[in-house]
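Letters A, B and C mark the chains as written, and numbering starts fresh at 1 in each.
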Amino acid sequence: MNGLRFFASARFWRGALPALSLTFVLVGVFWLQPRAMSYFGLNLLFNLAVPIALATIAQMFVIAVNDLDLSIGSFVSLVACIGATWLRDTPLLGIAALLGCVAVYAALGALIYIRQLPSIVVTLGMSFVWSGCAVLLLPTPGGSAPDWIRTLVSYKPSYVPMPLLAAVALGLVVHFGLMRTSWGVLMRGVGGNEKAITRAGWSVLKLKMVMYALTAVFGILAGLTLVGLATSADANIALRYTLLSIAGVILGGGEFVGGRISPVGAVLGAMTLTLTASFLSFLRISPDWQIGAQGAVLIIVLALRAIVNRLEARR
Amino acid sequence: MISLSGIQKVFGAVQALSGVDLQIHAGECLGLVGHNGAGKSTLMNILAGTLEASEGSLTIAGNGLGKGYLVQEAGRLGVRCVFQELSLCPNLTVAENTRIIHPVLKGFGWRTRAGLLIMKQLDQVFPGHGVSASDVIGDLSISKRQMVEIARAFTVTDTDIRLVILDEPTSSLDSRVADQLLKYVNQVTGQGVSVILISHLLGEILQVSDRIAVMKDGRVVACRNAADFDRISLVEAMGSTVVAGAAPRRGEETNATIGEERIHMRPSGQPDDQSIRAQAGEVVGFAGLAGQGQTEALLSVFDGHGVLPSGARDEGCCFIAGDRQVDGVLPLWSIRKNIGISSLRRMRSGMLIQSERELELAEAWKERIGIRAPDVEAPILSLSGGNQQKVLFARALGSAADIVLMDDPMRGVDVGTKNEVYTIIRQEASQGRTFLWYTTEMEELDYCDRVYVFRDGIVSETLTGSDITEENVLQASFKQVSGAA
Amino acid sequence: MRSIETFMRHHPWSWSFVAAFLTWAATAAYISGTGGLALASTALSFSTFFVMVGIGQMFVITLGPGNVDLSIPSTITLSAVVSMMVMDGSNAMILPGFLAAILVGILVGLFNYSLIRVLSIPPIIATMSSSFLVQSSAIALGRGVKIKPPAALEWVATAKLTGVPVLSLGVIALAVCMAILLNRTVYGRSVTAFGQNTRAAGLAGVPIERIRYLTYSLSAVLAAICGVFLAGFSGGSSLNMGEEYLLASIAVVVIGGSSIAGGNSNVPGIFGSALFLFLLVAMLNTFGAAAGLRLILTGLIIVGVVTFAGGRTENR
């Protein structure tokens, strides 16, 4: 009986780790800079976390089916470029282009499944394609975000800052869709045991296409939010999102294979990574170490998770 | 009523099924027995729609189904299958896994409905199961997973079930739970559902089946009422493979070569003072029911546990896998490289591997062990299963290792191959090698000098010489069954 | 004709050379005159760096699914920064600088391996996490300092003997050694067995953990050496000098005909595809194609190659 209780607690700790790490970093920031504990401060801290969180969710859909998207950073950049050019000047063309992107993603899912290709290489190739398109569209940094997007991202509700609201809404909506609906079960099932899904008579092909399409949808949301915040775009604007999004999913308790993912955790993971960067600046540590600190947080959390797992295995 | 006629299935060069005819009546329990590789699982996959027959026809309730009979169709006609390897998603909960096989479980409140459905079924089949609908499968013990999977196959939403196939359903259930299942099978067949039960435990089959079909070499060789069979006639029908008496008697002629002790190991949790010992020149058997810790014991010896300094010279231990594809074959390589991998160090001159020496080694063993292939540069996957297994033997025996660990390596190997290999094992032992041999085939124990019978991860009995008999091994295999359950 | 066909089918790397030759021929015909030779010489120069990191990445990829070294770019940068600081523009300090760079490689390899082993996380996550740290160290060390490479190093990295770049000769020698390492040594065989079926390789006596450690170290050390020469070639280190090598190192392996599923790799293909990738860009440049188009074509070629080469072989 004692063992059972301990086991339950190991699972609890694993689930709580993302929230704890965010709390830890947040407390650190508040302690160093009490003024951050305000509407304005929180807004500033978490503003840039929203597009990263969206990109992380996008990455999570692919990871849920045991694949990996190495092109999400260049894809988000491309979307930002589309947002800052076509979507403003010729909205219909812009929308068509974005829908086209979703279709391409779904087709990639199909290609990867049918030919049993390694997603890493296919998406690697696609990252060149997305970057190429972005460069063609916007050879030099510039463009400007449509006004409606700018208004949307700079909306200031009373009491609670917009980024926090957005993060909570994002986490809850995706959690509901993926973890609570009957269709979400099938999609996660593909990651857990593809054969079982096939044997039950479902088309894994369609499910994978849907997951890839959802990746594109959230990638588009990330790109548009980003261009709204930055007001202009460039072809390299979000390249580092590729690694950040993977880190965010893993930090949020997601696992690389087996369909074990957590949407809420992924959002928390993305926020932790963003906050780590600010934490350093409050510590007066050179921003040179920003990326390093993100890596360190990732390693520490993974180490803690390994410890929890090992304690559990010893039981 | 379901009937199969002339079903054939070909995998590459291997004919898995060669013309199967079989009828399953409504409300009967059909027992299906046969050796490993007789084609039982392939046949059931075809019946469940997960494999397509190469030839032949299938009729379910008057619907003639030929090519293009697929899982969806099977589901619609009420055919369910519990496969040998589990078909649950380990990352999902019990209720969510139920949803996967029931398309109608959707919309508002599906989780509650799925949970109620599966819990009701679990309560019915396995009273006192201790599973809850919100448990994640990956967190459950293997036997609870199996219970969930079995119960799930019997759940009914929009279509009635007509046939449930149970492929080795009791392999990881303890005897009490297995009894619950068998009782339930009796109950549902009374309600008109047909059940096909595949099991290696003949007692089970004889106990619950109405009729029993025996498969051998890809066809049904006998199919009669269960009452017409008993344990002995069933085994006979399955075709006992090795002719007794071919085994060289151990003891007298071989004990001259037995030398220094090489292994001395106590399995962890061994309550008494029995321990596993092996000397140079000995063939030591591991027996017992499948999955009682024999493979784990071999692996721990492979990692060096219990290996005395005298056994740790040269290249230490070598391992011959039973599950070729998972544990043995390096699929992209030729026969030569597959044999050479365990002897690379010996084939170097300076830093570089001399392929001529490797070729020599491979050619020599191809000759000695009789690998049937045009030449040793042929890809290993071009060989039949038995010949692939011979390559693994050649790899191990061609190495310098003093200790050879064998993990039920004769699974699914034809009789001729077996006899050839047995002879070589004896020869090698007489030259001073030590063999640890886990086997599930009783006849193979005749080649052993000493046998350790495993039960629940520990040695339940040590048998030597003339004490190694089928009765004694069976007795020891079930030794603590009453206490454990 | 038939024999050429079978040769190419059995040696998937030959495609990359054919492709490289065709792009070169097309470009040379377009620019005419001696430009073609100059182009070939430039291609040799630039491809050497791809080959160096590509070989390391190839050994890692040979280990099988999930094995990719994402820390190559950051290792290049860090080793370039460190070696330039140690050399400090003096010819006498070239050797210590080199040793320092190799030490960087060894440490990164050790760190990657420890993360994989101790945290039991997939290699791709481990190398990604460590790349964050390594990149940061490089930025912190190298910001604001621009040290010119020693003259001798610069000469080695840029000099040409009758049009043939000196460095490319060295890299050809390296490639030959690495091909021997892959095909003729116990280590190479072990890596190949590891990638086909790790469990089976372990049970056949391959020391799995040692092989994994050596492979990640080899990749990091090659990246570190590449960093030194790259700094010599481009007149010093810069903080984003490794960037393009993340994707390129994987691309040359895949286009070169090595199996991305592991267990089946070759060295010559890396050379061929490195030449091809450079010449492709050169060709599109000559034809006046925009930068974006070049990227798109590169990407489509990678996707096309892996689609036609097929994915995981189906094991029954």
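Please note the rule applied: a contact is a pair of C-beta atoms (placed from the backbone, for glycine too) under 8 Å apart; a residue touches a chain by one contact, two chains touch by 3 or more.
No experiment lies behind these values; they were computed from the predicted model shown.
Chemist: Shared touching chains for chain B and chain C?
Modeler: The shared contacts of chain B and chain C, listed by label, come to A.
Chemist: By count of C-beta pairs in contact, what is the leading chain pair?
Modeler: Answer by contact count: the chains A-C.
Chemist: From the centre of chain C, which chain's CA centre is farthest?
Modeler: B
Chemist: Once you find the CA centre of chain A and the CA centre of chain B, what distance in Å lies between them?
Modeler: Averaging C-alpha atoms per chain gives centres 43 Å apart.
Chemist: Could you grab the centroid distance between chain A and chain C? Build each centroid from C-alpha atoms only and quote it in angstrom.
Modeler: Taking the mean C-alpha position of each chain, the two centres sit 29 Å apart.
Chemist: Using the touch rule from the top, collect the residues of chain B that touch chain A in their complex.
Modeler: Counting only chain B, the residues touching chain A are 48, 50, 70-72, 74-75, 81, 83, 86-92, 96-97, 99-101, 103, 105-107, 110-111, 138-139.
Chemist: Residues of chain A touching chain C in their complex?
Modeler: Contacts found on chain A: 68, 70, 111, 115-118, 120-122, 124-137, 139, 243, 246-247, 250, 256-257, 286, 288-296, 298-299, 302-303, 305-306, 309.
Chemist: If we count contacts the way the header does, which residues on chain C are in touch with chain B in the complex?
Modeler: Those residues of chain C that touch chain B are 180, 184-186, 189-190, 192-193, 196-197, 199-201, 203-206, 259, 263-264, 313, 315-316.
Chemist: If we count contacts the way the header does, which residues on chain B are in touch with chain C in the complex?
Modeler: Of all residues in chain B, those touching chain C are 11-12, 302, 315-316, 318-319, 321, 325-333, 337, 340-342, 344-345, 348, 351-353, 395, 399, 401.
Chemist: In the complex of these two chains, what residues of chain C are touching chain A?
Modeler: Those residues of chain C that touch chain A are 65-66, 68, 70, 115, 118-122, 124-125, 128-133, 135-137, 139-140, 143, 247, 250-251, 254, 260-261, 290-303, 306-307, 310-312, 314.
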